[in-house]
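Each chain gets a letter, A, B, C and D, in the order it is written, and its residues are counted from 1.
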């Protein structure tokens, strides 16, 4: 059985300056409760790996606003003017990666792969500094693994063993990040007994989950 | 809506000498009805990409017995003495690939990736002829994509749009092969109306499926 | 009919029944409403769903959104998946068509739509994967930006992909990029070829009689 | 207690509560029966499941099998997945332990267990991934093969992985490979060190007093 914990306690164990993956796409499928705690406990100097920086006041956008992030690796920051502002003011460094590449890099980190070859971004600004390989006459970029100290994950359901099920488009980066974080914190809307999520419906096996936190949503 | 077809008609459209991926692990999760039809129609000269050659009389083992396969790419052939016999007699060529590598190669084929780096098999016989790359001081093998003309897939449920759900360990290579075959034939135990498989429970979206064949199992 | 509706209606005619289509945020999203339901087109959103459908009033679900974060509905038979699978569909050539907006397209049909260096750096999101590997790429955009040409001889913005897009649809014209350059195929109702040329920096080639866009 | 049971019982003592463990076909599979249920160990089978459990008589399901194709049962809280994910768990370092059989192990602790060239070519299946990247690799095997030594100075069979295994458990001894060579840690009840050495080609180093295997 896993032990559940409070958001406050969970976040207190995270050091400043951690490299952190956070699930979600424009805030959908993001563990808001854990993010609120990061802000409340003022955990700074973070390196953030996430799809986008959402909007001010939403999802990881709250971490940006609170100036807790020093470096972000993401595919899109256009919807959060505060990210742009901090980037231009050089308060925050931003590494932009194509979305399909970003998720494969995280997958490599979690799946024990040394890298992956993608045709995406060949010949673009996003290829700068990356190794290029020719395979059967076609050019590919070699993209390297991304790992993190911490993964913050949002799930719909979590059973007593930590088995997770996500909901609709709130899935996005969550299951892949659950593989790539050294310590995995899951915020779940509903906690259910073992057996309530059938084996074929488990999206992330509980063996990957370290801490379970109940979200503020009633269920 | 997808059109269902008979196994006989489905298989009649497959040319001799096709490169074929077939799902299953020791026959579990293998489309037996489609395989019986391949044997009945005597489709020969096949290149077979599959996890293992099962046992005589079971799964793809039947194709080996019927001498329909000229080349097999698999991770394990030890449970089928007939595969060994044909290999030693040079009637069949066999390419052995570690299981985790094989599934990643098929994934690369289906996911549009040019290759993947794995630590598995470095320094072994299975590394022969493969390119090796050093990443952060560690050696990896560059494994190239595998694709197929045809993928034969086994599912538990299939809805009117071809959305699939697999059952327990009968999942194995099926969902990845459904991405990597140019034409995908699915044999399903149960055909259900659209909506019967909830969006979060779909393992393979119907858009990947070309032909639906009802299995002989009652449901 | 305003310019955006005209573009959306024309793009809708390119969509094949039963195909899998990804629509970008903004103007491209409008295309869906002009595709008849009986065409059985599957709309994908790269954040993880096939089967986007109408959203009945009051039925919003915070876990069901499009790539812009807007609430959407889904059809029976929809399928949800993670980002790795979603981009596997895109990169693996399983996506029949993507419709995207553009900042610039050049005479070789190459698209720039993700960054204006020093001014606006939104990021590429899924655009580079989509343009590189969707089977068909349609750029749907207003022909010029506040008087500035957008269909240019040479891009001065960074490219999204080295791949040549398949079609450009604007409120003035339908243009097909190919090996030889940009071929002017159609003009909007009431628009003259000279008008299109005046609003376009890149050379427009005419190989067959230019027809008038059909919109219904 | 026969030799295989002795080996299985000793290996079972290496398994940590709550850990994720993969047991190879044959002898290693026997280990599960000596792990107490209250240890909450999760058994994975690389064909796609975590949570293997007892199979009540008559409850066989043709879609639920282990890596040898044998029918198995599952516990509440089991999770099923595809082969890509399964090997992601293995290669990604999420698997705490694997227990495998062996044909040979050399003085550097390297394992050969997938091929006897010219004689038997079963293939590596999942063994190369397991040995390369499981956190802990235990080789569980009968000490010799019909009088032939198996713990050898130099392998004459092709290696499974360049990685040194963590422990060798036989019916005679527990041996720990490390930088300096093979350390003899334990002998089976009633077995003398000299007996182990006689059945072993590789040098066995003794650094601390050799103890007797505990089996309960």
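Quick note on the criterion: a contact is a pair of C-beta atoms (placed from the backbone, for glycine too) under 8 Å apart; a residue touches a chain by one contact, two chains touch by 3 or more.
The shown structure was predicted, so the numbers you read here are calculated from the model rather than taken from an experiment.
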If you average the CA atoms of chain B and of chain D, how many Å lie between those two points? 29
CA centre of chain C versus CA centre of chain D: separation in Å? 55
Distance from the mean Cα position of chain C to that of chain B, given in whole angstrom: 35
Could you say which residues in chain D touch two or more other chains, in rising order? 49, 74, 80-81, 84, 87, 90-91, 133
Mind pulling the chain B residues that touch 2 or more other chains? 104, 107, 112-113, 118-119, 166-168, 171, 199-200, 203
Tell me the shape of the graph of touching chains, choosing from line, ring, star, complete and other. other
With touch defined as at the top, which chains are paired up in contact here? A-B, A-C, A-D, B-C, B-D
Which part of chain A faces chain B closely enough to touch in the complex? 104, 108, 112-119, 133, 135, 138, 140, 142, 144, 165-168, 171, 199-201, 203
Name, in rising order, each residue of chain A that touches chain C in their complex. 25-29, 51-52, 54-55, 74-79, 84, 87, 94, 96, 98-101, 103-104, 107, 118-126, 156, 166-176, 203
So in the complex, the part of chain D that touches chain B is made up of which residues? 45-49, 61-69, 74, 80-84, 87, 90-91, 115, 120-129, 132-133, 158-162
If we count contacts the way the header does, which residues on chain B are in touch with chain C in the complex? 1, 107, 109-113, 159-161, 163, 179, 193-195, 199-200, 202, 205-208
Of all residues in chain D, which touch chain A in the complex? 20, 40, 42, 49-51, 74, 76-81, 84, 87-94, 133
